[in-house]
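Chain IDs A, B, C, D and E follow the sequence of writing; residue 1 opens each chain.
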Amino acid sequence: MTDVPAGGLRTDATTTIPSRVLAGGSAVRSVVAPIVLGAIVIVAWQALVVGLQIEPFVLPSPSAIGHQFVANLDNVLAGAARTGLNALIGLVVGAVLGVLGAVLANIASVLDGMAAPLVAALSVMPIVALAPVLYTMYGADVEAARQIVAGLAVLIPVYLNTLRGLRQVKPVHRDLMRAYAASAGQQQWAVTLPTAAPYVFTGLRIGASLAVISALVAEYFGGPVTGLGKSITSAAASSNYPLAWAYVLGAILLGLVFYGATLGLERWVTRHRSS
Amino acid sequence: MRRLRSIGLGLAGLLLAAAVWELYKTFGPENGVVVAGRTILPRTSDRAMPHVWEMAGRLFEPAVGHSGPPLWQNVLEAGLFSLRIAAVGWVIGVVVGLALAVVMSGLKIAEAAVLPWVILSQTVPLIAIAPLVRRWGSALSTDGFEWESWYSVAVIAGYLAFFPVAVGMLRGLRSPDATHVDLMRTYGAGWWRTLRALRLPASVPYLLPALRLAAAAAVIGVVVAEVSIGLRGGIGRMIIEYAQAAGGDPAKPWAPIFGAVVLGLIAAGFVTLLGLPLRRYRRSEVTA
Amino acid sequence: GGGTPSSGDSAGGSEPVKVKLQLQWVAQAQFAGYYAAVDQGYYKDEGLDVQIVEGGPDIVPQDVLSAGDVDYAISWVPKVLGSIEQGAKITDVAQIFERSATTQISFKDKSIADPAQLAGKKVGSWGYGNEWELFAGMQKAGVQLSDIKLIQQAFDMNGFLSGDIDAAQAMTYNEYAQVLETKNPKTGQLYQPSDLNVIDWNKVGTAMLQDAIWANSDRLASDPAYADETTKFIKASIKGWVYARDNPDQAAKIVTAAGSQLGQSHQLWMTNEVNKLIWPSGHGIGMIDDASWKRTVDIALGTKNETGATIISKAPPETAKTNEYVEKALSELKADGVDVDGKGFKPITVQLQEGGN
Amino acid sequence: MNETSAGVAGDVRAVRVQGAGKVFGSGPTALTALSAIDLEVGQGEFVSLIGPSGCGKSTLLRLIADLDQPSSGSVQVFDKPAGQARRDQDYGIAFQQAGLLPWRTVAANIALPLELHRIGKAERATRVAELLELIGLVEFAGSYPDQLSGGMQQRVAIARALVERPRLLLMDEPFGALDEMTRERMQNELVRICSETGAAVVFVTHSIPEAVFLSDRVVVMSPRPGRIVGVVPVELGQGDRHDALREEDSFFAAVAAVREALHGVEAPASQGSARGVDSR
Amino acid sequence: MNETSAGVAGDVRAVRVQGAGKVFGSGPTALTALSAIDLEVGQGEFVSLIGPSGCGKSTLLRLIADLDQPSSGSVQVFDKPAGQARRDQDYGIAFQQAGLLPWRTVAANIALPLELHRIGKAERATRVAELLELIGLVEFAGSYPDQLSGGMQQRVAIARALVERPRLLLMDEPFGALDEMTRERMQNELVRICSETGAAVVFVTHSIPEAVFLSDRVVVMSPRPGRIVGVVPVELGQGDRHDALREEDSFFAAVAAVREALHGVEAPASQGSARGVDSR
């Protein structure tokens, strides 16, 4: 009935780029191309380091990093587990609070208005700058401050995106609910929340890698000596850059796991939506 | 009217937050609310939660000693210092982000190859990058050109800022309706003309939020990088320095935090101003 | 830029040679001697135009030095030993601090008077290579790392003050003072030294050499101008430290004027404590004591961290240290009548104020 | 303006709109969308609303559905206030867009009103099965809306509107998005469904042939402020419409009559002639 | 399938499609959208394409516009390959949605093709003024698209398609989004514009009355794989169509003829009868 289907599909596939990048789509290209590019970069990097005899404190070679990664796999995994757990707790708590907050703000615009300055402040501030005061507030001997930093980093994108999503309820669906004389609660679960779901996931996806980074950088400001962040800095402090970058590699992989997991969850939950 | 209401509500929200802070500080347990061994709510000591008026009042006392300019002035100066670097970082990020987006939007294969790495780049902890950047920067120094520390900070800010721009602009450049793209083809317009006449204008609604996110990211990058490499003069270094006084002067470490917030708000506000002349590009087509 | 301009017209002496010094932390009285030397024109007298480059948490001075970005760097010996094993080619040319300033402090009620009592406690450390004396002391007392809960200390001492850390790492010149600048809520007065137990690694015997001046080994060997300049640099720096010893008030003010944000009483305290690390000097300021060096190397070889790693796995190369330049500098200074031993050094008494003001 | 349908006086009306008006906004920007609307729809009667864009057809339908409140006058559905009828679920409604919930299967979409009204699972299942049969989508029960064509989606929406066996169906351009061929097929099915269930229908459309083909009466409305300017009774093979009718002369005649009424509407000068349609 | 229009042999054709086929994708998911299409459109001739959804009307139009390439066969426009014609700007095109650039004023939208082809400012201004006159939107020259009604937007799009005086107009359901009344008005205007400019038109539509009212010939297509299954020549007051035609018997007869051709298409069994249309 419209003459856009062909183009329509095209635009849709690209307007959701970040969510469609790491899976699906034209599978071959989206998997092979980045791997090929990555391989080229790594080979060139290795050649550069070996060829120019670059010192490891200027640029460690990929092979050295890989070697350290394997040699210290236990430590990397242990650190990743701890940092990952903090990030996960932050992600879950931040996401739950973000969604709840957005639901409340959507129901009562007064709350929305009152939260506005705090949300604006949190969305522009470096959350990690809060780490020092959070350690004082929650204790330097527990992981709480790191989890809160991660949680705050997740809270804001989830809150903002969810709020946006909650406001996407189509008038026709709202009318439908009214026509069925649905209660406020019924409206929320039958229409409002499912409508917002893709937006919640957009927020989550942004939040997922932020959670890892934030939990990690928070370690930098103190706390129990357990995670990847601490390992990166102490390896770097002793000039063992290949080891430091082995931990960084661990952090990158951890971030990708988080990103991939939320992306997968998103795909699964929203698998039946089309444009 | 609407504005007044939102300002009023915002103030009410801030007052409420302050009231909650003070109420909790007064009635909350000294050691925080601990549930199953986990601290859920913070400690209420003066060290952990200074009174709101102490945090505010501290801004009007001298930074060190009993004379000298009030603390807020130091924070302001540090804020402006960081803001300048953030602005440079923002520009770097915007230029790089735009370039990447244009390349990716033009070449599917480039998008497929590059975009995952763009996302991946943001999972690298800044604290690992900061010293490297400084070192590489120094390697660029020649007799005529000296790599200064603040360049490193700006580059790191750019490293964070380019991401929202690249992703947002890619969406924006891909946002024109298929009809519009077809139309340009019927006019025999090439890649460059299509970019100028169609894709760039169409991307404006995506560009502005991306620029705002980039501004916030640049500020974050500057603060973290300043901490990391200890660059003097900005908010980040102030966080380290004022922390040393945290024991005896618990309200003091809050000052750079407020500074960071103001800094971010100024940066975001500036981008909003930038958007004003572009308003006409934000009209969305209303179909019948 | 660092490195390149050192050679050339140093002989002529008309144009001062540009020299960069990398500190290992931000401006503070820990580095009073260098700031004093700049302020008093001692470097200029030697034909050097010294630019002091501040450090930060992620700046590794020895790497900045070996990368050629600066000409000299200040760093702790154990931290550098690790870097040398990783390939950094740098040399300790003057061991300014003879004693270690690192301690582990705890409130009296925790009863941690010696390293053995750290077992089962929450023990603070900054990491970043600042932890080795602690680990060595524990190892010596038979306390394993798995026996304690190791906590990374933040930039502040709140973790200690709040009781999250039982025994905190404290530099005598900095964090120890930070605690004494804080009000004890029980008494309403500042904390007193009598409230604290202090484990001093010098006394335990696991002290390691700290602030030293490091120079680029390759350039020392190949570039006579640089070698010459190194002597001059050490000489002027020592004059700066002598100035700080004899004029602690002035030295503290110079550091504050250089941009340190520390309060006045704190800065003075730091100057005084740092003086204690240097003076009186056994063999003359800057001389590397063989026994201390050997102890430092032995600990570096034998102490394990939480991942089971030691700082170094084999003895450092010969090029890691030399007294050649400092001896030259000392003899020139002695000839000028400068007291480079400070045998009669008497520390001053500093009254700390709340918040260090 | 004048409501001339006969044979429905005395008994309960499916819809009774009396002197209803609707003003949106207030002050200088107020917009009178509807003015002095009188409309009655008998039980089992099929009434179409037609008129230029923006004349208030949807608004009128929304007043009947109690999705908006009239600014003046009254709206009764089965002799109850419209709000009461809504809460009693006396009507089913279908909009221009199918308005299916994309995260629910076809069956779950049809079951939605039943779920909301806490109908038991077993009963839901039987009822949904009946309707899937009716709309001919049994094998699509487990499909999601995005796996259906537009026409199939529309049928699901109609099933959803019918699932609670309403005695009144409100439909706002339900076939607007369909291509002509699918549309004609859907029209045929709607006719069949209505005759099977005996429901009254208020049907908004832009298409004159559609209105004529489906309706017992076509109500023609004028542009803002929306008023009823003509009612064209249609007498095609009453109650037993079939495709062939579309090519009969009486069909074309009715089409022409509605077009004339409409065009009269468009040029206010010829309003007199539009009135004339009433008397045909 | 067979192209029966007469009187255009020998001279230059606006469009000549010969044995064109289009397959989307490849392998097992390949989809044959068009198959063995032969179509000629003479200069100044108005040809409509009609057929069920998905039968390939848009695809055919896109082949002519060189927005897609045929998988087999050839497409010529004014005796040149389609790609050459596109680069030579031999045609103007209008899509279902107006497709105006929202950040450009009405005047700037109309001027867009001229700008892209580096026509001087002065010439642009005169030409835009002419077209604003033609579409009756002179006073809206400085307005933005979102300040126009759907019908007005559509007229701007048509002006844009005409601005370079193409000898061929390609229109893909340009009135699809309009309500019936506006649509009829637009049809009247299109007829007027075409007769003023003498352009040939290939017009895709779903609406039988629209096709009949506008065209010299109506080309009826079958569902996938799209083929031409009938061509209905229309002989209404040739070249001088006006609103009253819509109520003439010959109009209804042509409508019925097209409907029959179409319905024959829908049920493959009756394909034979659909062919019969050709011989009318």
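Here, contacts are C-beta pairs under 8 Å (C-beta built on N, C-alpha and C of every residue); 3 or more make two chains touch, one makes a residue touch a chain.
Here the structure is a predicted model, which is why all the values come from computation and not from measurement.
Steps from chain A to chain B, taking the shortest chain of touch contacts, total 1. Distance from chain D peaks, on a Cα-centroid basis, for C. The greatest centre-to-centre distance from chain E, using averaged C-alpha positions, is reached by C. Centre-to-centre separation between chain B and chain D, using Cα means, comes to 53 Å. Note: centroid distance chain C to chain E, computed from Cα atoms, is 84 Å. Rounded to a whole number, the gap between the C-alpha centres of chain B and chain C is 36 angstrom.
Look at where the CA atoms of chain A average out and do the same for chain C: the two points lie 40 Å apart. Contacts with at least two other chains are made by residues 53, 95, 97, 206 of chain E. Contact with two or more other chains is made by residues 1, 4, 57-58, 132, 136, 139, 142, 220, 233, 236 of chain A. Taken residue by residue, chain B touches two or more other chains at 43, 47-48, 127, 131, 135, 139, 177, 179, 182, 239, 243, 246, 250, 253, whereas all remaining positions touch fewer.
On the side of chain A, the complex with chain B involves touching residues 4, 6-8, 10-11, 14-15, 17-18, 21-22, 26, 29-30, 33-34, 36-38, 57-59, 110, 113-118, 120-121, 123-130, 132-134, 136-139, 142, 144, 209, 212-213, 216-217, 220, 229, 232-233, 236, 244-245, 248, 251-252, 254-256, 259.
Chain C meets chain B in the complex at residues 1-2, 4-5, 25-27, 53-60, 63-64, 67-69, 154-158, 161-162, 174, 178-179, 181-183, 185, 259, 261-264, 266, 354-357. Interface of chain C with chain A (complex): residues 57-58, 60, 62-63, 66-67, 79, 82-83, 86-88, 122, 124-125, 127-129, 149-156, 158-159, 162, 164-165, 305-307, 311. Listing the residues of chain D that touch chain A in their complex gives 62, 65-67, 86-87, 89, 91, 93, 95, 97, 99, 101-103, 112-113, 115-117, 144-146, 150, 177-179.
Those residues of chain B that touch chain A in the shared complex are 5-6, 9-14, 16-17, 32, 38-39, 42-43, 47-49, 108-109, 111-117, 119-120, 122-128, 131-132, 135-136, 139, 167, 170-171, 174-179, 181-182, 215-216, 219-220, 223-224, 235-236, 239, 243, 246, 250, 253-254, 256-257, 260-261, 263-265, 267-268.
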